[in-house]
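In what follows, a single structure is set out as structure tokens and then discussed.
Labels A, B, C and D are assigned to the chains in the order they are written; within every chain, residues are numbered from 1.
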Amino acid sequence: MKKLINDPKNVVDEAARGIEAAHGDLVDVFYDPIYIVRKGGPVQGKVALVSGGGSGHEPLHGGFVGFGMLDAAVPGPVFTSPTPDPILAATKAVDGGAGVLHIVKNYTGDVLNFETAADLAAADDIEVRSVIINDDVAVKDSLYTAGRRGVAGTVLVEKIAGASADRADDLDTVTAIAQKVNDQMRSMGVALTPCVVPHAGEPSFTLADDEIEIGIGIHGEPGRERIKLEPADAIVDRLLGPILEDLPFASGDKVLLFVNGMGGTPQIELYIVFRRAAEVLAERGIEVTRSLVGNFVTSLEMQGASITVLKLDDELTELWDAPVQTAALRWGR
Amino acid sequence: MKKLINDPKNVVDEAARGIEAAHGDLVDVFYDPIYIVRKGGPVQGKVALVSGGGSGHEPLHGGFVGFGMLDAAVPGPVFTSPTPDPILAATKAVDGGAGVLHIVKNYTGDVLNFETAADLAAADDIEVRSVIINDDVAVKDSLYTAGRRGVAGTVLVEKIAGASADRADDLDTVTAIAQKVNDQMRSMGVALTPCVVPHAGEPSFTLADDEIEIGIGIHGEPGRERIKLEPADAIVDRLLGPILEDLPFASGDKVLLFVNGMGGTPQIELYIVFRRAAEVLAERGIEVTRSLVGNFVTSLEMQGASITVLKLDDELTELWDAPVQTAALRWGR
Amino acid sequence: MSLGIDWVTDWIRESARVVSEHRVELITLDREIGDGDHGENLDRGFSAVIQKLDGLPEGAVPSDALKLVATTLISTVGGASGPLVGTAYLKAAGAVGKEERLDGAAVVALLTAARDGVVLRGKAEPGDKTMIDAWTPAVDAAAAALADGRDEVGILEAAADAAETGAEATEPLVARKGRASYLGERAIGHRDPGSQSSALILRAAADTAAKNAGSGSDAAGAS
Amino acid sequence: MSLGIDWVTDWIRESARVVSEHRVELITLDREIGDGDHGENLDRGFSAVIQKLDGLPEGAVPSDALKLVATTLISTVGGASGPLVGTAYLKAAGAVGKEERLDGAAVVALLTAARDGVVLRGKAEPGDKTMIDAWTPAVDAAAAALADGRDEVGILEAAADAAETGAEATEPLVARKGRASYLGERAIGHRDPGSQSSALILRAAADTAAKNAGSGSDAAGAS
């Protein structure tokens, strides 16, 4: 294992200190338990957004704390959900009296730990709602699975719901908008190489030199199928097919197209992927009116990418365009 | 070789098409020869900034075209300087009558090709100046080398000189500011793993499982020494030492600290690096007043990072803070 | 003979030891069909428990120790297993009330409540390829052993044996809960890490019960 | 006997062929002490040249073909070698004026101008571990062969032999120009890729000269 780390045990703590040192103008970082909140304390009367989950997906979630997006991020150990304690502490720290929305990726651990924290917050008279993100079409959503996973689309929910909260929408509205974004987006990813969790020290899975994993999860969980390496265009077609059929997206739809890097993929490749995805959407009469390309929801050093398509309407577009000022996503101020 | 590409020969062209599809609101992309210009054509009376070089360092340079930064970027083949033709075409396309500044990383190929393009532009009555970026302290700057390489600091020059040009400074001033940024910054990098150039298909160098390369160049050129893997803090100390001694930076200095990912390094590791670098600077009485963390000047999928320290004064700080609106760096609008 | 606070604390210490000893094995199992952190998660949790164990007040009863384990695991493990295993201990603590000594029936009640706690939070059924596939046979075997008139040690040994068999029996299964459920058919042939750690913890219960019974350290206060 | 346009175009075609044939070798050399693109760069450039070569007008003279190579390489190769090798052909074209036939003296003038062009742009000295270390011995050997009264084929063979020896002789050197200069002592033991490609191109010159002389294809218009 080759990493720019000191001790695997200190990875999350030391990275949080780095975030504090680099982005002290945007965020305050608390330790023991670790959570990151928007500079300037809770905004009275504003719905607060809290997200979190295992670390290793940076900039998710800490990079999205700031005006127009999250009020707090709670980083767990690498690829492991945080416990209820820091979630509760963060929830209390950002509550401005208008309620708190938990944005939770659909993994058993995240769901259970956020659930416990929400129960404890409720006991302290904080109104908490949750939206469970499950945009990954690679996994069958059925009684026979833990349900679809929350993957890259999470960042779209955080941005759009964040804009809703910062324009002073109430908790019902913010929750409904977050839910709508989740319901209108679909994602699927591919891995070319595995990632190495620091405390494990070994690749999280193995792929032969000519194999790729279609439908990979953001923790290196295997996906739909393992196939031989193909040209980028063929891979994009494999990812987009299930995405477009699932909602389904239709000719005339306006969408946000998001090509997300898994952490170890050169950006030049992400643009090659974007190019093909935009081409396929155009062929189907689907109009890409907003776009996002880059490493936003990563899996450590994994090479690969995911595609997310979000169906836009005027309101979602307006909220997407609204000013945002975070370490990893910023415009308009 | 595992990459999200189609044919190695089409990598740069297809990525340019992806940039066009994703960032059509910010840039126009030309093909044959390929160059990327700021949307809206040349700004009359404004000094135009053109940069370029081999591809594979994305978002450098195409991701930095837009308001407050570059007017044009010229991507050569992967890791190979563009020829004079697209440099000349881009120079002509963005000239607004106030002259053009070429920002050139100090590699023989880049210098020679930009030089030829500048000569040809001069023959067309366009006033061209050049600033050669050579911030890499890993290489001895002497008669016995091709001189120091231009590495991550390039993005700082592009940002600050871009702000100077967009506030309507004249060519002399913009050139002087770009030169000043170059002269006041120092960088050094480390590689944990090599990168694979698509048309080569093999790693650009080899490192044993426990080896790292201190002083790596952004094309995988070897650096100062190959050592055994060390904890992140020790590596940071090895990089920062030569940087701080070289200018030298002194107690009381205000600096911009920039931790740049080489493309394949998880962002969580970049923050661990930032944390230690900030700590060392604080110990020496050097104040970090601005910061940048992320993958800005990459080497394909190489794992590793570089540290750049730029000495700031009020003017440079003001220009750094000025609005910028590009695909990869954006604030204030 | 019955089991008291010494057994509970011995069991906890031994659980911590075996989890630490099998950390890499559990990580490896989880890497195969999950995300490779199960051993790390439990090890972090039980290490924290050990740190706190000495702080148990004089005169603490079994439920005090079990509650301490519950809250510490919930606060330190995270992931799926943190709330699940934490809840198991929390419900186990509730099941044994303020009793100082646990007889066979109490041990069975403890195990049953623990299992029910996991089901309450995780909604898994037997055969879903989760820790429930170790716990449910363990609870059934414990109940049968009680009915057969076996003592606390015998009950816990029956539970541990059944848990081990149950963990092994997860191997041919397709998962329907947790991360392994994403794998579909590809989970076949791999043992569920949570069932394996559960078997280890139940074996620790049996081993320490035998030692406590053997050394007679509990005998002093025995009824 | 002398060499005309047919030799020049044959030389160019053969250069393109050997560069393509040795593409991977040149990439490998460049990967060791540079950035691994030298074979790709030259191959891209010479492929472009070949595409354009048929467009040479009827009655073209050697300098026309050399200028075509120059501008095409400058426009398509990029990197360090594009401007350097391109300038070599540009200066070579200038050196042979509008001559239709090149005698020994003209061949030496061509080679000398080519080398001088590389030096003009790249400022390298012999021993800097660059393509100059193939070109300079080649020019010297060509001049000596001319003085010895050898014909064009003999002159080019002497140049090619010397270039090959020169390329080999870059191996023990520390580089002072180009990317390899960053390596310091670590460049020792590796051959400079540009010197190797230069030797290949000069060998192509000699081989095609021999063929042209042998086949007598040039004889028709010989003086």
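The rule we apply is simple: a residue touches a chain if its C-beta (ideal position, glycine included) is under 8 Å from a C-beta of that chain, and two chains touch if they have at least 3 such contacts.
Everything quoted here is computed from the prediction, not taken from an experiment.
*Asks:* Tell me which chains count as touching both chain B and chain D.
*Replies:* Touching chain B and chain D alike: no chains returned.
*Asks:* Among the chains, which has its CA centre at the largest distance from chain C's?
*Replies:* D
*Asks:* Could you work out how far the Cα centre of chain B sits from that of chain C, in whole Å?
*Replies:* Whole-Å distance between the two chain centres: 55.
*Asks:* Taking each chain's centre as the mean position of its Cα atoms, how many Å separate chain C from chain D?
*Replies:* 77
*Asks:* Counting only Cα atoms for the centres, state how far chain A is from chain C in Å.
*Replies:* So the centroids are 33 Å from each other.
*Asks:* Can you list every residue of chain B that touches 2 or more other chains, as numbers and ranges?
*Replies:* 78, in rising order.
*Asks:* Going by the touch rule set out above, which residues of chain C reach two or more other chains?
*Replies:* none
*Asks:* If you connect every pair of chains that touch, what shape comes out? Choose line, ring, star, complete or other.
*Replies:* Graph shape, chains as nodes and touching pairs as edges: a line.
*Asks:* Which chains touch, pair by pair?
*Replies:* Result for touching pairs of chains: A-B, A-C, B-D.
*Asks:* Where on chain A does chain C make contact in their complex?
*Replies:* Interface residues on chain A, with respect to chain C: 54, 76-85, 107-109, 112-113, 115-116, 138-140, 143-146, 149, 197, 199-200, 202, 204-205, 217, 219-223.
*Asks:* Which of the residues in chain D end up touching chain B in this complex?
*Replies:* Counting only chain D, the residues touching chain B are 27-28, 31, 34-37, 40-41, 44, 74-84, 121-122, 174, 176-179, 181-184, 186.
*Asks:* Quick one: which bits of chain B touch chain A in the complex? Just the residue numbers, please.
*Replies:* Against chain A, the touching part of chain B is residues 2-7, 11-12, 14-19, 21-23, 55-56, 58-59, 63, 78, 190, 192-193, 195, 209-210, 212, 229, 231-233, 235, 257, 259, 263-275, 278-279, 288, 291-295, 298, 300-301, 303-305, 325, 327-328, 330-333.
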